[in-house]
Amino acid sequence: ACGSAGELNSTEDESALTVGLILEGPKNDKAFNESAYSGVLNAAKDNPDVVLKSTLENRHSTQEQTDAVGTLAPIVDVVVAAGAQFGPIFDVEAPKFPDTKFVTIGGYPAKHHDNVYSLAFDRVAAYVVGAIAVELTDSKTVGFLGGADIPPTNASMAAFKAAVADADPSVKVLSNIVGDFNDVSKAKAATAAMIADGADVLMSYLDAGVVGSYAAAQESGKDIPIFKLDLLECDAYPNIVGANVGDNTAAVETMLGGLATDTLEPAGVTIFAGLEDPKLQRVDLCPRYAEDPVVADLAQKTVAGILDGTIALPEEALNPRPEGPYRLGIDGPVKNAG
Amino acid sequence: MATAGGPSVRAHGDATVALELKGITKRFPGVTANDGIDLDVKRGEVHALLGENGAGKSTLMNIVFGLVAPDSGEIIVGGKRVTPHGPQEAAALGIGMVHQHFMLVPDMDVIENVALTSTRWPRMLKRENLRSELDALATAFGLGVSSKALVETLSVGERQRVEILKLLYRGAQLIILDEPSAALTPTEWQSLTAFLRTMTAEGKAVVLITHKLDEIMDVADRCTVLRDGRVVTTLDVATTDKATLARTMVGRDVSLRGSRAAAQVGDVVLEVEDVTLDEGGRRLLDGVSLQVRSGEVVGIAGVSGNGQNELVDVIVGLSRAATGRVTIDGREYSDLLTRGFTAAGGALVPESRHSEGVALDLSIWENLVAKELTRFTRHGVVDMAAARRHAVELSAMFDIRSPSVETGVKKLSGGNQQKVVLARELSRDPRLVIMFQPTLGLDAGAIEGVYRRINEQKLKGAAVLLISYELDEILSLTDRFAVMFGGRLGPMMTSENADVERVGLLMGGGR
Amino acid sequence: MELALSLAVVVCALGIAMIFVVVSGVPPAAGAGAFIDGAFGSQLNLAGTLSKMVPLTLVALAWIIAERAGRFHVGFPGQILVGGLFVSVVALKISGPSFVHLPLALLVGAAGGAVYAALAALLWAKRGVNEILSTLLLNLIALQLLAWWVRYPFHDPATPLALTPAFPESVRWPSLLRDTTLHWDVVLIPLAVVAVAYTLNRTVFGFRAKIVGSNLRFAEHAGISPQRVGTAALVLSGALAGIAGTSLVLAGNVPAMSEDFGSAYGFTGIAVALLARNSPIAVVPSALLFAALQQGAGVMEGTVGLSSSLSGLIQGLMIIFVLASTTVLHMWRRRRDSRRDVAANEPEGARAR
Amino acid sequence: MTAGLSLSPFDAAWLGSVLVLMTPLLIAGAGELISERAGVLNVGLEGMMLSGAFFAFYVAYLTGSPAVALVGGVAGGLVFGLVMGALVILAGADQIVAGVGINLAAIGLTSFLFDQIFGGQDQVIVATLGEAPIPVLSSIPYVGSALFGQDLLVYGAIALIVATWFVLFKSSWGLMIRSVGEMPQASRTAGISVAGVQWAGVLIAAGLGGLAGAYLSVVDVGIFKEQMTDGRGFLVLVAVIFGRWRPWGLVCACLILAAADGLQLRLANVTSVPRSVWVGLLVAALLVAGVRWWRRRVGATGRGALAVTAASILVPGGLLIFNPDVHLPDQLWRSLPYLLALSVLAAGVSRSRMPSRLGLQPLRHEG
């Protein structure tokens, strides 16, 4: 899809901002990786200067990811990579290519480099989901099903649990990290287990694996409201409440757009995106619940509470703050500078 | 009698003849194992086949059983000319064979082992039916063995009964037993004899390959003696005696191919005192004592499988005797594996050249220095140049014919391979040389070379122990010798003017 | 003959790969060009190829040592991981000047691999446990051990990732070519090849291994203990795999250890040795080829959009062809030898002239 | 911490998940058992399963029929079975090396084809084989739907094991297979074609391996993912060893593996191990000890075995009484089955049961 060699040469002119994208999984996973991919395509649509030059998919291990960075860095202007592990990789690789810019979504760079742009989500939307889940549960048991044992999963789980504890301490939270965002069969087994243990509302923090949650819920014969992650698809299963969206597409689009228009300054400042900008992070509700005044109202109030600080999130729900400069929200003030 | 599968033999011609062989000839590269053999086996008789190792007994019966195709000759079963291709067809003709090495699956029980041979096409195992049939057979022929027992838990004698049951179950009318008593205890042999009598009473025929004269006298009706692939004669056991049998088997004009050198006999080098070895409840060596002195060649004669291998393993240190001790020059050496033996000045030309004497994949020089690595090693590093030089010297000395010492041993002829072994073993100026079947598979020229080496060692003052299945070799090369039988060593005899008939008797287990 | 066969194998595998290239709509010339460029075309790519050669070579040599003594094991993935695990202790708990720290880490890494291999070796020598089965299990255990290691006892509290703290510079292989993945650990390639070739061909150990590997019974008759030699060979093999792990950890790009650092090399190293027909020297070109495949395929995806999974396909094909070709060789030899055997049984005089 | 005894992880859902997790292991295990009994160690099973998973998925995508897809899965396994047989039986190549090669080739081939065929489009999800609840039984309260409300292959797998047991130990085919793995010379003198039986073994293992892969992709979830077998092929090898080359042993091994997996799924985020787990372990230990005692009668066990038994009863017993607040890492739970399998091997119990020609090249010069 990213064109042949001939095409590449013809589009390459002086002003173009060529982009190379690295994905840990396949670019058509309908989830994390696909949304990052769409972000680049959108940015290219918005800014004629932005050209997606090549995409490297399925880079599972650190070694492959590092190689991919080494492959793309010399031939593109911007390397975009989605996934937590790219932080440490960029820490090492970025200084080797001072003329290339590096963008990571969800990465955790520990060092400050002038050519690294990083955006990570403070996974606070999960708090909103938790609050709604308490509202929806009859059995007083809700479940959180996580993918890989990585920071976003753990942070979201923490936020979810905090919300439940705040709203109704008597509601029990079952949680389980299955180890993989895309292992449908494991997800299915884990979901079935949760339902058996009494959970009647679920946050399925999975990518392709969410299909397993749907299947298990359907096989259980009960009507289990399920929250999914990222893309909102209300038809995939009869009772999808909504999606906990950390919008990769928007994040990539924003970062690339900023780079293309030179508005993303200064470099090296890690951006933590909370709920300030609904374009980046939000809770999307399916029509049935969006029209339910109780749920819609609760969602709105919770978001407002988080934004104005009346709701305090636990530390584990937020990204660890770096030693270098960072800002909360894409337009927020820079903290910790100098 | 309950029989499954296989048509029974209906004799058309002479109703009393179960098997007739006419002019069977089989050549292997370099040997004629069977040379125009004629033989007839009657129903209701036990027909013994007697002959020295390599006389061609097993080959002949393998031909009958369809495992080996003859070059020429006829097999007539029940009056009809047949050519069995494979054991299945032989079995269909009513021929069954118990091999010297049992063909049983240890992990299966008796019923399953029997069933294994009887069906080709998928079908359910009717264990109960099979069991009652087997039990009936077993009682009818006095072959008590529990049909539910796993074969691996059975004794050798019981396993043999299972083998026989397999044949009976398939309706064998002619049963071939290849050295059935080799691993049996006397009691087990007794029950086998009883069984054989029942068989013949039933009108079945038995071919019994054996080296033991007592057994022939005990159970056989007639005995055919083979020598060098030819039939010497067929004797009626009732009208003969062990002495005649022994004479017929070995009592040719002993062709003294080698000649004894005269040498100064010195002190005792090898002393084996009352060595006993047991394995799996069987006594493999039974109080063996032996002395070999410097400057003499002592022989151990006997049919293979009577404890020779075990004795050599004990002497060289590859297995540990239950009781008794072995010394070289009065010293014990206890190191496991052959190191102690070698260090004490021992050398061994092993029986099985390919598996024990050389590493076929390695080159000549590597084989030549394999036992003396430390001699060419400094600080863990092998001095290749020195090792090769040594090898080149040895090859010249022992006349190993090859393009170079780099040549793989695999590419050498048998005689040259044996020269590699001799060179490696004898070049160390050993105190004791054990030669185990040193001329096996060699041609005349090579054999002569080996004999020369034996005498040479003797003259140099080494003690030589020659173990051979060929009486010629023993009689012509050794100074003294004894016959080994059933794990025991018989009395020492002087080789010159030895009483061949008595030797033959001893080899067959007589007194 | 063997060289020709190996070349034929490579040509066949690449030929089949070309069919796939064409099928996926990329002109073969462009595909091949992108591949060669990706593997060797720039300093950076060449450096990538060379640095991948290091673990491949070490694992291939590890296989050869064990194979020489007749021991086939598949424990390299586990031994790599345990080697890295040991290294992380030395790297993080001890500090010192580089000329002490790095060699020490190297030794300890080798020890880690050796210890892990020793488990399999002891099970084999003392309990008769088939080393293939035991190493298969030990691999799976090592994976879990490492996953735990980087999450709990050696987790870097500063990162939420499953990662150890960064290793100090003093223990890392210095970079050989600035801004590339090439570190000084490439010197391990010639060193290890020479050392292994020397050990196998010149030392008593190598000699004994060869004897044990070619005829166990003969070895016993020659006073050589197959158990002892086999154990030593397995342990040495593990040590080499451990060094491969060391290299992956201390010359890897991220200066810390994650749970996936050894994933790709354990089994591919065997393929490298097979293509080299178990010759330590031939491992070099063979490892170069496999490393180039891995490196080049990754780049090829970036430049012409050919899926990088192609390289996995080629590597798999290569092993299958190597096995098939070995068989052809054996059959050919057997036929030749059986002809010779007939000749060999003629009286000696007839031949000796 | 309440001291009450809840059976929490050991409930119907756990049972159901154990069944589902166990099914692919059993299917592939049945084939592998037959192959190993015939003397061929099929290290390439992982690759065959992967190939089966892919081809089943592809066929399902083309035809839309999960049933036809299963056939595709079998065919996908067989492709590599043919390669394995050609290398190992025809050509006498080393079994392990051939298996390693097949695994690499299968990973490469399936990834590449998946990429070529499905890389450009949206993620494809194919229809799966639905549940086939057994009418009356599945309505038994509590365990009914977990045990009897599963898809057809779950029952199929159990039937397959029964069939395997029947073939191996109750039919003349089984005799042939076992004798070939145990003592090919004996088979040959009994007129059995050793190569033929081994071919059958390899192809059965490959076909069932492919079916097991198909279970993963088109029965359970309807999705194919690169390397989705995720080491299950190796797990099957472990299960066969662990089960001491017997069908019921295999079932036990798969049960333990799947139970551990299911348990680990459930325990993953419980802060401390619930008491019921210690109860479960104690029951398991008592069961094992009981079976041993019953099998061997008293006294027949060695001192070491006795110590192990005692420890395996006392430790969970103690834990049950004191109920300490422990959180064992998931990794330990996950490696437990392998550690167990290793100790079974080390204890030498399995060696005696191992087909004696397993993994070895065919005998060439046997008459």
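Quick notes
Letters A, B, C and D mark the chains as written, and numbering starts fresh at 1 in each.
Convention: a residue touches a chain if its C-beta (ideal position, glycine included) is under 8 Å from a C-beta of that chain, and two chains touch if they have at least 3 such contacts.
Chain labels with UniProt names: B = ABC transporter ATP-binding protein; C, D = ABC transporter permease.
Owing to the predicted nature of the structure, the values given are computational and were not obtained by experimental measurement.
Minimum number of contact steps separating chain C (ABC transporter permease) from chain D (ABC transporter permease): 1.
The interface carrying the most C-beta pairs in contact is the one between chains C-D. For the pair chain B and chain C (ABC transporter permease), the distance between C-alpha centroids works out to 47 Å. Chain geometry summary: the mean Cα position of chain A and that of chain B are 78 Å apart. Chain A and chain D (ABC transporter permease), compared by their mean Cα positions, are separated by 36 Å. Residue positions of chain D (ABC transporter permease) with contacts to 2 or more other chains are 111, 119, 226. In chain A, the positions touching at least two other chains are 1, 58.
This structure has the following touching chain pairs: A-C, A-D, B-C, B-D, C-D. Per the touch definition, chain D (ABC transporter permease) reaches chain B in the complex via residues 170-176, 178-179, 182-183, 185-187, 189-192, 353, 355-356, 367. The touching residues of chain B, counted against chain C (ABC transporter permease) in their complex, run 29-30, 316, 318, 335, 337-339, 342, 348, 350, 355-362, 366, 370-371, 373-374, 377, 380-382, 384, 401, 410-411, 413-415, 443-446.
Chain C (ABC transporter permease) makes touch with chain D (ABC transporter permease) in their complex at residues 20, 23-24, 72, 74, 123, 127-130, 132-134, 136-141, 144-145, 147-148, 151-152, 267-268, 270-271, 274, 307, 309-317, 319-320, 322-324, 326-327, 330-331.
Residues of chain C (ABC transporter permease) touching chain B in their complex: 202-205, 207-208, 210-211, 214-215, 217-225, 337, 340-342, 344-349, 351-352.
Interface residues of chain A facing chain C (ABC transporter permease) in the complex, by the touch rule stated above, are 1-5, 20, 54, 56-58, 60-64, 66-68, 70-72, 74-75, 84-85, 87-89, 91-93, 96-97, 108, 110, 149-151, 154-155, 319-320.
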